[in-house]
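Let me give you the structure first, and then I'll get to my questions.
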Amino acid sequence: MSVSVFDHPVLSGWAGDEATRLALSFEADLAAMLRFESALARSQADLGLVPDSAAVRIGQACAGFQPDIAALRASTARDGVVVPGLIDQLRRAVDAPARQYLHMGATSQDVVDTSLMLRLKPLLAGYERQLEALETEVGALADQWGDRPLMAVTRMRAALPFSVGDRLCTWKQGLVAARHRLRGMQDTGLALQFAGPVGTLDKFTDGGGALRAALAERLGLPDPGGPWHVERSRMFHLATTLAQTTQATGKIGIDVALMVQDGIDALALTGGSSSSMPHKVNPVDAELLVALARKSSLNLGAAGLSAVHENERSGISWTLEWLCFPDLLASTGAALGVTARLLRSFRRMGPERPANP
Amino acid sequence: MSVSVFDHPVLSGWAGDEATRLALSFEADLAAMLRFESALARSQADLGLVPDSAAVRIGQACAGFQPDIAALRASTARDGVVVPGLIDQLRRAVDAPARQYLHMGATSQDVVDTSLMLRLKPLLAGYERQLEALETEVGALADQWGDRPLMAVTRMRAALPFSVGDRLCTWKQGLVAARHRLRGMQDTGLALQFAGPVGTLDKFTDGGGALRAALAERLGLPDPGGPWHVERSRMFHLATTLAQTTQATGKIGIDVALMVQDGIDALALTGGSSSSMPHKVNPVDAELLVALARKSSLNLGAAGLSAVHENERSGISWTLEWLCFPDLLASTGAALGVTARLLRSFRRMGPERPANP
Amino acid sequence: MSVSVFDHPVLSGWAGDEATRLALSFEADLAAMLRFESALARSQADLGLVPDSAAVRIGQACAGFQPDIAALRASTARDGVVVPGLIDQLRRAVDAPARQYLHMGATSQDVVDTSLMLRLKPLLAGYERQLEALETEVGALADQWGDRPLMAVTRMRAALPFSVGDRLCTWKQGLVAARHRLRGMQDTGLALQFAGPVGTLDKFTDGGGALRAALAERLGLPDPGGPWHVERSRMFHLATTLAQTTQATGKIGIDVALMVQDGIDALALTGGSSSSMPHKVNPVDAELLVALARKSSLNLGAAGLSAVHENERSGISWTLEWLCFPDLLASTGAALGVTARLLRSFRRMGPERPANP
Amino acid sequence: MSVSVFDHPVLSGWAGDEATRLALSFEADLAAMLRFESALARSQADLGLVPDSAAVRIGQACAGFQPDIAALRASTARDGVVVPGLIDQLRRAVDAPARQYLHMGATSQDVVDTSLMLRLKPLLAGYERQLEALETEVGALADQWGDRPLMAVTRMRAALPFSVGDRLCTWKQGLVAARHRLRGMQDTGLALQFAGPVGTLDKFTDGGGALRAALAERLGLPDPGGPWHVERSRMFHLATTLAQTTQATGKIGIDVALMVQDGIDALALTGGSSSSMPHKVNPVDAELLVALARKSSLNLGAAGLSAVHENERSGISWTLEWLCFPDLLASTGAALGVTARLLRSFRRMGPERPANP
C-alpha cells in the first residue's frame, strides 16, 4: 500500500528511488535515533558528565534494540512524536543505575532533527554524484550529436539555427548550478541538533558547548555552534536545494517532451507505450521530470511556511516539515534516477533532416 | 517503509487513516481496474458489440486475477502507467477468441480515472458521515459547556465576552459548509471516464453514448455525458472540496492550540507528552490539524496546475495529479479522524474562572 | 508606478483589465464603504433603532464625502485597516446628535467585507458575460474551421486524426464549466457581512437578524443569515472559482502555444513581434494565459491559508486575503480579455495540409 | 488605483515600501533600459564594433528620451514585452547612419533582465542595511529587557523559564541568516544579461565574450561568463533569498502576536486601534509580518515554476516571473520597514510579574 507514488508497489518501479526510500524508512530513522542516544551518553561520559559504565550500558541497549512497534504507534498517537515512547522503551532496556543518564539533557527534537541530518549526509552526497554522472552523460551526448544542427526555439517559434550542442550546454549549466548548490548545502547546511527542551542547554555548565562539539564530532556532523530548533533556515535551504535539482532535470524533461513531438522530430527515444496506440513512444520519463519539478517547486510553499516556528518550538511547523520534506527528497531522488534513464534512451538528437533556417 | 507519514509504520498511528489508506492501496486500485474491464466487456455484450461468451471469459479472467507484480513494475517503468502492462497480462489469461475484445475501445486513462472514481464513491460518503459525526460531537460539547463564559478574541487581543457556545457555533459552521461541499462533489463530481484514445469514441456508432451509459449504470457511477480526460474541473473540485474539509478542521485545530495556552486556559485536554518535560500536555492533535490544513491548501497549487492538460492528454498534468491527490485524500482522512480524537480529549471548555470583561 | 503588471502603465496594455482595475480602485472601495455606512443608518432608522433625522444626516455626510487621504494613510499605518480612520473622519462630518449613530453596531470587517461583495456583484456578472462571449466565439471558430482535420495529440505524440472541432469542443467544455461555477458563486457566494465586533450582534434584540435582513435588502446583497467574518469558505469558493476560470483559458493558451509551433502548424496567428527577429509571430497572448492560470492556481495556496481564521478575527488571515484576492481578480479579468483578443487573432486553424495519419 | 496593497493609495501607508516602489516603477525600468542601450553602443564602439559617432548619437538619444507611453502600451499589447516598441521609438530618435547600430546583437530579454539587475543592485544593498539595523535594534532590546524572565513556550505550552534575551537571540539568528543569504545573492547572483536572440552571440567573433565583459564593466554588474536567459537559477535564488528575509521577520511577527495576548502579557505595544473596540491595541504590524512571510513563501511556487524555461526562451515562464517577483520584492521591502516600526513600538518586554516556573 502506498499513499505516495514513491513507494507504490508498482508505480515506484517508474517513479521511485531506492536510496531515498531506504533513507526515509523507519528502520533507518530508528537506527539513527539510537545512534544519537548512544553517542550522547558516550560523549557525556567522555566529558565526565555521566559514569562511563552508564554510557557502556546505554550503548549496549541501543545496539540491536528492537522496539515494540505497536506500542510505539500508540505512544506516538498520544505524543505526536516518536521519541518519548522510544525513550520509555529504551529506559526499560537499561538497568537502574544507568537508566537516569539516558537521553540526558536532550529533547525529542534533538533526536528527530539529528536523525534526519545523519541520513541526509550520505543521501545528499549520493545526489551530488548522480548530478556529476548526469553532467558526464550530457557531455557524452554532446560528443555524439553536438555538432548536428538544431533550430533554436524562442517563445514557441523557430528562431535561428544553432546546434544540438548549444541546447545541451544549457542542460549542463542547470545541472552544474544544482550541483554547486547541493555542495553548499553539504558544506554549511548539515549540522547536529542539540538544543535541549528550550534551546538553552543551561543544565550544562558552559551552555553545553563542549558537549555539543563532542557529540557532533562523534556523529560526524558539523557543530552548528548553537541551536537551530526554531531558526529553520537550514531546512529551508535544503528544500530550495532539492527543488533546484528537480528544476534542472525538469528543464531537460520539458525540452525532451517538446523535441520528440511529431513534426518537430528533434529527438527520438526508445521505450514507452500506450494501451490503445501501441505505435506511440510516449516521452513518459520526460513528462515525469516536468511533473516532479512542478511538485517540488510547489512544495517550497510548505517548506517556507514550516521555516517560521512560533515561540521555542512549533508543533505546527515541525509537523508541516514532516509533510513536505520526505516528498521533496523522494522527488529529487526520483528526478535524478529518471533523468539518467531518460538520457540513456536517446536514439537520435537533431532532426532527421538538417533544420531549415 | 514510507515516504509519507500517512502510511508510516509508526507515525500513521497518529496521522493516518485506515479507510483512506485502503482506498489508495494498489489492491483496491487493481480490483477497481479489473471491475472496469469486466464491466466494459459485459456492457459491450449487452449492446451486441462483442459476443456474450467473450464477456463471460473476460469476466472470469478478471475475477481473482493475480498480476505478476514484478512484471507490472517493469512495464510501468517503461509506459509511465500501469494499464498497458496489466492489459498484456490479462490478455494472456483470456483465450484467443475472447482476447481481442478485452479493453476494446478503451484507453489507459479510462481505466485509471474510473478506478479512482469507483474508490472515491464510498470514501467520500465515509468522509461525509465523519463530518456529520463531528457536527454532532461539537453539538454535544455545546450542550455540555456552551453556556460558560469565554473571552472573544479578535486580532490576538481580548475583545468582548461571549460564550463557549458562540465559538463552537463557528466550528460547526465550517464543518457544515465542508459537508455541503462534499455532498455536492458526490452529487455532481463523480463520474465514469470512458473516452477512448483521444476522447471521441468514434469507433462506436453513436459516439459511444449508449455504451458509456450502460457502463456507467453497471459500475454505479454517473454518466458524465461525454469525456473529461482533458477537461479536469471535476478533479479540481475534488481537490478544493478536500482542502476545504481540512480547513474546517484546521480552524478547530488553531483555536484549540490557542485556547490551551498557559495563561489563556480556555480549554484543557487529556493526553500528549514530551520526552524532556513530562508535565506538559501538548496539543499535538490540534497542531497536526493546522499542519494538515496548510499542506492541503498548498496542494491546491499542484491540483490547479494539473487541471490544465495540453492537447488531448497530458502526461505532465496527469502525473502531477498522482503526485498530489493521494496526499489530499490522506490528509482529509487524517484530519477527520484526528478531529474526532481531539474533540474526545476535551476535559474542560471555558476558563477555570469566569472571563474578566 | 506599479508593483503589479495589472496596473503597470505599459504592461497593463497587454495584461490589464479595466473593469477589474476600477473595481479594485480605492475610489470604488470608498464609495462602497460609504454606501454601507449610509445604508446601515437608514436601515436602523427604518427599524426604529436610530432617529430618522440621524440617518438623514449620516446619508448626507456619506454622499460626496471626500476623505483626507494623507490622514487616512496615517491612521491605516496605525490600525492596519482603513475603517477606524475613515469613521473618525466621517464622524467629524456629522453633527453631534447624529454622530453617535454612525457605524452603530458595526465593526471594520463588516465594512471591508461588504464593500468587496458590493463590488464583486457587477464584476462577477461581467466575467460571466465574458465567458458566454468566449463560448460564442469558440462556436464561431468551430463553424468556420471545425471540419478541418487535425491530429489529436496525447502525451506529446501524434495519436489519431480527429478534427479541429473536436479540440474546440474541449475548450468550450472548460469555459462552460467555469461559467457554471461563476454562476454558482453569484447565486450562493455573495452576501452581506454584518457581524459586529465579535460576530454576535447581541447589542440588537434579536441578535441583529431583522437589521441584517433589512441592510442586505437595501444593499442588494443576499442575507447570509449569520456572520461569516471567521468562517471564510465563501472567500475560498471565490478563489477557486476565479482560478478555475483562468484554468479554462489557460487550456486554450497552452494548446495555442503548441499548435503554432513551426513543424506543427495547426494554427496561424496575427500579431506579436520580437526585437531581434522581426519575422517571428510570437504567441504572447497564449503564453500569458498559461502564466495567468499557473499564477492563479498558485494563489490558491494563499487563499486556502487565509480561509483558516484563528479565534473571532484573524489579522493574519484577513491581511493575507488582501495580498491574494486582488491578484486573483485581476488575473481573471486579464485572462478573459486576453482570450477574447487571442481568439480574434486566429488566421487559420487546422494544418496547411491534411494531417497525415 | 492599485491591484496591490503595496502601491495602494491608503494601504501602502501601512504595508508599502517607498524604495521598492520606486525601483519597480516604470520610470526606473525605462531609465535602466536606456542605460543598457547606451552602454551597449558605447562598449561596442570601444571595441571597434561600431563607429564612435554612432555610440555618441545613441547615447544622446537615450539621455532624456521620453517615450510615447500610449504607443508603448499599444506595441506591448502586441509584443508581450516592451522592448520592441521602445527600440522602434528610439530608432526614430537616432539619425540614419547611427540608427542601424542601436540594440545591435541584443534581444528583448537582455534589456529586460539587465534592467532588473541594475535596479536590484542598490535595492538589495538597502535591504542588507535594513537587516543590519534590525539586528542592532534587537540587540538594543536585549540590552534593555534581555535579563527579564520569560516563560519559554514549546508546542503552545509553558515549558521552562528562560529570559527575554534568549528569545531575542533567536530573532537575531534569523535576521543574521537572512542577511548572509542576501550578501551571497549580491556577491554571486547579480549579473549582466547579454545573450542575444538565442544565447549564442555568434554574431560576434569570440562568441561575444569581450563585449559582454566590457558591457558588464560599464554597467557595474558582474560578467556572468555566459548567458542565463534560460538557466534561471539566479532568479530562483533571488526568490528564495527574499522569502527567507520575510520568514525571519515573520518569526518576529508571530512571536509578537502571541506575546501580546491578554493572559500571556509578555510584551506591550503602543498603537493599533479598532473601529468598534477603541480599548484594544491590535498587533497589526506583527500580523502583517506573518502574512507577508506566508505570501512570500507561497510565491516560491511560482518562482520555482518560472525557473524552468522550455527551449531557448519561455514566454510562459518569463511572464510568470513578472507576475511573482515584483510581489516578492515589495513584500520584502514592506517586511523590513514594518519590522523596524514594530520594534520601535515595544513598550515593555517580559511579563508584568516574574514568570511563574
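Per-chain numbering from 1; labels A, B, C and D assigned in written order.
As a working rule, contacts are C-beta pairs under 8 Å (C-beta built on N, C-alpha and C of every residue); 3 or more make two chains touch, one makes a residue touch a chain.
Because the structure is predicted, anything quoted here is derived from the model rather than measured.
Asker: By mean C-alpha coordinates, which chain is most distant from chain B?
Answerer: Of all chains, D has its centre farthest from that of chain B.
Asker: Approximately how many whole Å separate the CA-defined centres of chain A and chain D?
Answerer: Taking the mean C-alpha position of each chain, the two centres sit 29 Å apart.
Asker: How big is the gap, in whole Å, between where the Cα atoms of chain B centre and where those of chain D centre?
Answerer: Chain centres of chain B and chain D, defined by C-alpha means, are spaced 39 Å apart.
Asker: Identify all positions of chain C at which a residue touches two or more other chains, and write them in rising order.
Answerer: 80, 153-156, 159-160, 197, 257-258, 274, 277, 282-284, 287, 290, 294, 298, 301, 305, 314-315
Asker: Can the chain contact pattern be summarised as a line, a ring, a star, a complete graph, or none of these (other)?
Answerer: Topology of the interface graph: complete, with all chain pairs in contact.
Asker: Would you mind writing out the residues of chain B in touch with chain D in their complex?
Answerer: So the residues of chain B touching chain D come out as 151, 153-160, 257-258, 260-265, 274, 277, 280-284, 286-287, 298, 301, 305.
Asker: Please give the residue numbers of chain D that touch chain A in the complex, ascending.
Answerer: Touch list, chain D to chain A: 80, 152-156, 159-160, 162, 166-167, 170, 173-174, 177-178, 181, 197-200, 202, 226, 228, 230-231, 233, 236-237, 240, 243-244, 247-248, 250-251, 254-255, 258, 290, 293-294, 296-298, 300-301, 303-305, 307-315.
Asker: Okay, in this complex, where on chain D does chain C touch?
Answerer: The contact residues of chain D facing chain C are 1-14, 20-22, 24-27, 69, 72-74, 76-84, 87, 103, 106-108, 111, 196-197, 257, 271-277, 282-285, 287-288, 290-292, 294-295, 298-299, 301-302, 305, 314-317, 319-320, 322-324, 326-327, 329-331, 341.
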